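What follows is a set of structures to go through.
After this come two complexes, each holding subunit A, first together with subunit B and then together with subunit C.
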Partner chain A sequence: MTLLSIQTIFYYLAAASVASALLGVTRKNPVHSMLWVLALFLHVAGIFLLLGAEFLAAVQVIVYAGAILIFYLFVVMLLDLSGELTRPRFGRHWPFAALAGLSFVALAWFSRFVDSVDGRLASTEAVATGIPESSTDAGALQGSVAEIGKALFGPFALPFEMASLVLLAAIVGAVVLARKRIVGP
Partner chain B sequence: MNGVSASDLVLLLPELILVGTCLVLLLAARPIQANRAVPLALVGTVLAAVAAAVASGWLLSRGAATGFGGMFRVDGYSQFFKLLITATLVLTALFSVRSIEDEKLPRAEYFVLLLLASTGMMFAASALDLLTLYLGVELMTLCAYILVGIRVERPKSNEAAIKYFLLGSFASALLLYGISLTYGVTGATDFGGIAQALSEGDGENPILLLGIVLVAAGLAFKIAAVPFHAWAPDAYEGASTPVAAFLAAGFKAAGLAALGRVCLIAFHTESQLLSMALTGLAALSIIVGSLMALSQTDMKRLLAYSSIAHAGYALLGLIAGTSEGTSATMTYAFFYVFMTLGTFGVVIALGERGQKLDGYQGLAVQRPVTAALMLLFLLSLTGIPPTAGFVAKFVVILSAVRAGHTTLAVVAVVCSVVSAFIYMRVAVLMYMKEPEEPAPSRIPMAISAALGLAALVTLIGGLFPGGLTSWAVAP
Partner chain C sequence: MIVPMSVVLGLSAVLFGIGLFGFLARRNIILMFVSIEVMLNAVNLSLAGFSWHLGDPRGQILALFVIAVAAAEAGIGLGLVIALNRNKPGAGVADLTQLKW
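For the complex of A and B:
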């Protein structure tokens, strides 16, 4: 792909992310908010994909869009939706939340001047093009699915398998705790 | 670092035996549930634990080894704790026969959770990397949350499990924060790499100090040291008594094993800070545990506070930051496990009556042998010769004195005297009061056998105090 088309896609994804985030915060109906957040997650996954971080993109879709958002939706469905619609959208503390959000924006702005990989101050040229100097080769390799797969089943095989035991315990626990009272044979 | 080889897998033999038994029990859950006469799952669990203990010994006889790219260590230290963990598993499984029957618990799943928790403890004892340490500790805690809440019909049990889960997740987050900060500063998660980075580092780094304190706090929660003890009394009270015994004995052993290795290998260059943190934890645990136990009338809560105080005593050995100190803690952990399991065993043997302090009135008239065993365990918990408890307390207090913490040693001795009052109150009730309740029902064979084993270790440990010294070798 040419640089221009990459930039076009990036600006679309970035603008759509910001827009859907704003809509997610401002909608009155919580279910609508959740759907906008879903759009946000998918667009962010697109940005990750554009940067060559396929693994992060997959995690973004599977974990955030797939698992966490559905979990949120379940909770939202349990709420009193019609009552929620009549109340004001923001609580009294919204200026603090806005301040926190703005400080993240500031952080993102200033991080442009720091090279993303080794933490040095980036050269003016890199800032101008928006592409970090050292991210093109090393950064792309680090986030690739193949590298992560090799690491998981190579040096990190033991922790990986231990994590599967933790999952097994969680499944057994869910079955045990959710069961009905056992009737003896 | 390469992938996994067969020689790495052999090092996992004890853990693989336990996990394999888990899977078999899960697959055979239905026949096990239907089969009421022979406690199949119990026999399987006990056999697996014995096999794992034998495998641990066999691995040790082949010499110390490191596997999985330096994440997993088999040495005298890890196998000592693995033996202790399998012993805890066997005794807990034997103690569980009555509560499984009475509470109609799912047999297969109950033992699966015990086995998985023990596997996690073994990983924690062998961990040479913060990743494996965290996962091992997390595996055992996750199983513990479920075991505490496994009596789903009891609101008290549910409440205890939820409280334990919330506090436990918080502590896990602390541990994880500590690990990530340590990784951020040193660039390593394996203990050797951390120690090397620290010895080459430029000294004081506030982020690193925070990381070390958070790791220590996360592990202190697992052994229920003050101020991270709030979960213990509620969890023990809400759990069935065998599960409470498992938590009191196994968690202390595994937590101390992990803490010992982290202090002695990974963070040994920061021993001054660690010594300060551990001194605070130990002193607070001993004082708060002993004082709070005074006012308890529920036996499980009393034992919970007693276990908090004992966590403090066990930490006395780690304060020195030397191998002698660590082997003192190992000795303490070993004897503590058997005497605590024994005390809980008597509580289990007495059934409903054993739950309340008043239930022990006149026990010596009705059940002389049970009362005598209880007296033995209580004497041991107090630390009176010739029981193992005396040997255990002696070595850790000696280690604290040698490290120059004389004030702390005096506090420990004074609190021992206070705790004598707690334990002897039970003895007085048993021997000097008339019985008010009917004699407890017959004690099942399995529970008697487990009680006998615990009593044997408590007695032999007291009579031959030097018996453990060649075993309890620090890493």
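For the complex of A and C:
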């Protein structure tokens, strides 16, 4: 595929993810919000694919879109949220929230020009980590799934096991919190 | 390099800002959690972007751990929502004022 069409795909995915994120946080019906956020997750998975993170894209689709969001949808449908449609969706303080979001975006937007991320960061990091700068070209992460596997079971084995403990604690906590307490004598 | 790194970072910043706005403005606790997920996705996007830019898989590994923690957070958070819903129907944060006084 030519570079131009890949860029077109990237800008489509970027625009669609911004639009679906905006719709996701502003829709009144919680189920509609969830479906827009699902669209956001799938578009972000596409961006991950373009960025050479195939494994991350697969995890994004399977875990985020397939498990976490469906879990949210189940809880939305489990609760009776019909009152949600008649009440205001935002608190009265929403202009301040919009200001906070916009000022964060402005801060990040301007700070990314301060150090000229495209040029200097790459060279300084390459010196700091010993990665040759030629590896920053697209396609540098050829076979990134194998690399991720080696890193996960090599230097990151301890954090990987800790993640399983965190998930176990979350499972136990969720069961303890959500189970129905039987009031006995 | 298909797009400049700054474009990826700008997209990540915009998504994070949208998530921040949603978290601060929404009154429904479930949609506040979903806004947190939007913010975590924005962070994952910039991690994957840096990983691609620097040719280093460690960014992707950090993003994987972020996803694992997001799953744990979703489980605990929604368990709390169900427990709260047993005391007081609905999911509005404005109703949860028992700890206020």
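The definition used in the following text is that the second predicted complex is superposed on the first by the 107 of 185 C-alpha atoms of A that agree within 3 Å, B and C clash if a C-alpha of one lies under 4 Å from a C-alpha of the other, contacts with A are read in each partner's own complex, and residues count from 1 in each chain.
In this section, contacts are C-beta pairs under 8 Å (C-beta built on N, C-alpha and C of every residue); 3 or more make two chains touch, one makes a residue touch a chain.
Computed from a predicted structure; not experimentally measured.
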Handout entry: Of subunit C and subunit B, partner touching more subunit A residues
Key = C
Exercise for the section: Using the touch definition from the top, say if A:Val44 reaches subunit B (first), subunit C (second), both or neither. Expected result: second
Handout entry: subunit B versus subunit C as contact partner of A:Leu158, first or second or both or neither
Key = first
Practice task
Applying the touch criterion given at the start, work out whether A:Ala170 contacts subunit B, subunit C, both or neither, answering first, second, both or neither.
Solution key: both
Problem - subunit B/subunit C common contact set on subunit A - result: 156, 159, 163, 166, 169-170, 173, 175-177
Exercise for the section: Report the residues of subunit C in contact with subunit A in the complex, numbered from low to high. Expected result: 1-28, 30-31, 33-35, 37-38, 41, 44-45, 48-49, 51-58, 60-61, 63-65, 67-76, 78-83, 85-86, 89-92, 94
Fill in the blank from the handout: So, in the complex, the side of subunit B touching subunit A is made of residues 1-4, 8, 19, 22, 26, 33-34, 36, 68-69, 71-72, 104, 106, 109-110, 112-113, 116-117, 119-120, 123, 129, 131-132, 135-136, 138-139, 142-143, 145-146, 149-150, 152-153
Completion exercise
Within the complex, subunit C is touched by subunit A residues 3, 6-7, 10-11, 14, 17-18, 21-22, 24-26, 30, 33-34, 37, 40-41, 44, 47-48, 50-53, 55-56, 59-60, 63-64, 67-69, 71-72, 75-76, 78-81, 83-84, 87-91, 93-94, 96-98, 100-102, 104-105, 108-109, 112-113, 117-118, 121-122, 125-126, 129, 131, 135-138, 140-141, 144, 147-148, 151-152, 156, 159, 163, 166-167, 169-171, 173-178, 180
Practice task
Provide the residue numbers of subunit A that touch subunit B in the complex, in ascending order.
Solution key: 153-159, 162-163, 165-166, 168-170, 172-173, 175-177, 179, 181-182, 184-185
